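Both complexes shown next keep chain A, but they swap its partner, so chain B is in the first and chain C is in the second.
What follows is the complex of A and B.
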C-alpha cells in the first residue's frame, strides 16, 4: 500500500526565470504587444444597450470574490476581466448573460494560468446554479471564437517583476511592495475607468501607489515623490503626467473601496446585494 | 495531480460568493444566442479563409485550398470517440465529408480540417500569425479567426514532412 503525504503545497509553480526577468528585450516586447489586447472601444457608449457600468462592477466584484475564495493565482482575475472587456467590446450582450460570461472568462483564465484549474461545476455553483455546466462549456467556445483564441493577453502582472527589479529598494521590502501592487491591480480591474489603460501603466501606477502608501508608515524607499515617479515612468516608457494621473486615480479607487468597506462593517447588512462586499479582501490589510 | 487537490478549496457552505447577480437566466435565450454567435464565428471564418467549414468546400478568394494526402500524422492527432478512428492515415484515406461537422465538438472539427486540406496562400506568409490588432488590410498577418490556429498547425505538420 502506498502512503501519500499531502502536506506540501500541491500547486506546482515554476521558479522565477532570470533569463526572462533580467532581459530587457522581454520588457520591450511586452510593451510593444500590450496594446493589441486592449478592448477595442469603450463599449458602454458604442456597443452595449442593456449593460450599465455598475453591472460590470457587480460582476467584476463577484469574480474577484470567487478568485479569492478559490485562491486562484493573482493573474487569473485581471486576465478574466480582460477577456470580459474584449468580448463586451464586440458583442452586444443582455445583462442576464453577464454572470455566465464572467464565469466563462474565469474558466478560461484559470485554465491558462493554473496547474489545477477551476472546474465548470464549481463555477456554476458560484452562480447559485443559475447556469448549467453544459451552458458554460458551450459559451466557452463562443467566447474563444469571439476573442479569436487570443488568450495569452498581457496583464499588469507581467510587468511587476520587471519594474521591481529596477527599483533601488532593499530586497526585504520588495515582497510587501509586490503584495500591495497586486492588490491595486485587482482593484483597477474592478473599475472600468482602467479598462482602456495599457497594462504597463496600471502596473507602474500600482507600484508607485504601493510605495507611496507604505512610505507613510515605514521607510521602504530611498526615492520619493517626483524622483520615484520619474524613475518609474522611464522603466515602462510611460508619460510622467499620465503616470501621475493614473496613480492618483488608483489612490481614489482605494479610498472609495475602503469607505465602502467601512460602511459595510457598520452593520448595514440590510443593504441590498448590489453593494455587497465590493471590497477586495486584501485591501482591508492596508492602512492609509 | 487530480481534481481532488483543488477540492481542498471546497466552496464554503455559507459562501457569500454563491449568488445570482441579475435574476433568473433564460436557458432558451442562452441557447439561441449561443447558436447565433457560433454561426457568426463560422461566417467570419468562412469569409476570412474563403472556405466553407460546414460543407468543407473551398470558395473563391485569396487562398487556394488543396487536399492533403499521406500526412502520416502522429497518433496524438488521431480522432477518438464516436466518429471512429483511422489507423492508417498514410494512404490518402480520409473520412467522408461531414456536413454535420460543426454540430460536433470543436475537437473533431479541428482534426478533420487538419486531415482534409492545407492552405496555400498566393503570397508568402509568416507561419505564425501575430495576435489580432485593429482591423486593417494587414489581414495576412494576423489571427483573425480561430481557424488560424488550425492553419499554423497544418503548416507545421506539413512542412515537417517535406524533405
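What follows is the complex of A and C.
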C-alpha cells in the first residue's frame, strides 16, 4: 500500500502562468533588478584568505550532487550558489566552514523554492555528520543576516521561459532545449567564472549553447549561428559579443566536465552512474 | 500522511558518495566562536541601522538617524502587540520591561542565549509598539524620575489623559519602592514615552515603569494589571480597540494570572 503511494509524485506544481510569462513587463523588471543580486566583488582576490577557487568548485559540485540526489527543484542549486557567493563576497570564511555554509545555503534555497524542503538533519548527513543540525540552524541566521534577508534572488531559470517563448521553435523541441539549458545553468553555477555574470546572460548563453549542441544531432531550430545569437541578444538586451563569449565559455566548461567525467569513468568510479552514460549531454549527470 | 510518503522524508537508506566531508573535521569550538562574532556584527549593524539597542530593548540616546517615540499599545493594531502562549490561549502582553536589573528576564523571551535572542528580534523593530518617527519631532529628553514621566507628556493633546494615567500608576503600590530603585531606567522609558500621541500612551509608559521593579513573576503580573483596566474600559466604550479580538484577549490575559496569584 505504502509502496504504491510512493509512486505518486507528492509535489504539486502550479501550471505556468500565462499572465506572467506573456507579459513583457515581467521580463523587463527581471532585467532591471537582476544586478542587485550579484555578489559584490570577486571575493577570492579581496575578501577570502583561506578559500581558493578550487574549493568553491568542490563545495559547488557537492551541493549539486546533493540537490540531484534529493531531486530538488532546478532553481534550488543556482539559488543556493547565489547565496554562497554573496555571503563569501562579504565575510571572510575559513575553508573548514565552507561545507557548512554550502549546506546552509541549500537549506535556505530549498525552503524558499520547494513544497517539501530539505531538512537540516538530512543535510548534516550529507556532510558526513561533520556538522550538527544545531549549527546549521545557528548559521542559517548568520547567513540570513548577511544577505539582509534578501533571498528571492533572480536566477537564470527565471529567464528561461521568457526566452524560449520568443524563439521560433517548434513546441515539441522546447522541452529538450529547456532541459539542456537547465543543465548548462547548473554547470555554470559550479564555475566561479560565471559568478559575476548577470543571470540573464547565463540564461541566454545556456539556451544558445543548448540549441547549438542539439542542432548537431537533429534539427531543432530554424535559426542558427549569428541569426540565433542576434535574436537571443535582443530578447535579453545582452551585448552580442558578450553573449557569444559567454556561450563559448559554457561550451568550454561543458567540454572540460565531459573529459573529467570520462577520466572518472576510466577509473574505478562507476556504479549507478553507468546507466546515465547514455545521455552524455546531460552535464549534471556527468558531473556526478 | 502524504508528507510521510514524500520522498524527502524517507531516511537515507545507503550512504551515497555524496555523503562526505569535504575539508576535514570541523572545529566546533572555533565554529561557535565565529558564530558569536558574526552574530555580534549583525546585531551591531542592526543597532546602527535602527538606532535601537535590541539587547536591552531601548532606543539609543544619541542624535541618530531615527527618533523613537513610544506609543500606546492600544493605539496600534493587535498584531503589533506582543503575545505569549499560555495553555491554549494567546495573551497580549503589555510593553516589555527594560532588562535593567540583571534578574529581570522578560517572560515572553525564550531563555536561549541572549545574542541569538536579540538577533531574532532584530528584524521586527517595533516590537512593543514604539513607532519610528523619521526625525521631524523634537527629541523628548527629560530623564529625571518616574514622576517626571507622568508630567512629561504635556505635548499630548488631551489633558484628560493625565488623571487616569496617574491614577493607574498610583494603584499598584507594592511596586513603588522598586520603581525608585530603577528610576534611571524608568526615566529612559519616560523619555521615549514623552512625545507619544495619546494620553493612554502615558499609561503604557507607567506600566513599563512598574514592571521594572519586580522579579520575573511579579513582573509578569504587574504587566497584566495595567492593560486590563484599560481594556475593560474600552470594552464598555468600544472606541479604543480597533481589533475586535483584542479586548477579550487582554481580558483573559488579565484574569488568568490574577486568579492564581491573588
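Simple rule for what comes next: the second predicted complex is superposed on the first by the 261 of 288 C-alpha atoms of A that agree within 3 Å, B and C clash if a C-alpha of one lies under 4 Å from a C-alpha of the other, contacts with A are read in each partner's own complex, and residues count from 1 in each chain.
As a working rule, a residue touches a chain if its C-beta (ideal position, glycine included) is under 8 Å from a C-beta of that chain, and two chains touch if they have at least 3 such contacts.
Just so it is clear, the structure is predicted and the values come from calculations on it, not from any experiment.
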>> On the A-aligned overlay, A:37 touches which partner chain: chain B = first, chain C = second, or both, or neither?
In response: first
>> With both complexes overlaid on chain A, does A:241 touch chain B (first), chain C (second), both or neither?
In response: neither
>> Applying the document's definition of touch, where does A:17 land relative to chain B and chain C: first, second, both, or neither?
In response: neither
>> According to the stated criteria, A:226 is in contact with first (chain B), second (chain C), both, or neither; which is it?
In response: neither
> Of the partners chain B and chain C, which touch A:150 in the superposed model: first, second, both, neither?
Replying inline: first
>> One more residue to check, A:91. First (chain B), second (chain C), both or neither?
In response: both
> Can you list the residues of chain A that touch chain B in one structure and chain C in the other?
Replying inline: 6, 10, 55, 58-59, 62, 65-66, 69-71, 91, 94-100, 116-119, 122, 125-128, 130-132, 135, 138-139, 141-142, 145-146, 149
>> Which stretch or stretches of chain B touch chain A in the complex?
In response: 1, 3, 5-6, 8-9, 11-12, 15-27, 29-30, 33-34, 37-38, 41, 44, 106, 130-134, 143-146, 148-149
>> For a test of understanding, state which residues of chain A touch chain C in their complex under the given definition.
In response: 2, 5-6, 8, 10-11, 55, 58-59, 62, 65-66, 69-71, 91, 94-100, 116-119, 122, 125-128, 130-132, 135, 138-139, 141-142, 145-146, 149
> Any idea which chain A residues touch chain B in the complex?
Replying inline: 6, 10, 12, 33, 35-37, 40, 55, 58-59, 62, 65-66, 69-71, 91, 94-100, 115-119, 122, 125-128, 130-132, 135, 138-139, 141-142, 144-146, 148-150, 152, 273, 276-277
>> Going by the contact rule set out above, which residues of chain C touch chain A in the complex?
In response: 2-3, 5-9, 12, 15-28, 30-32, 34-35, 38-39, 42, 45, 116, 119-120, 122-123
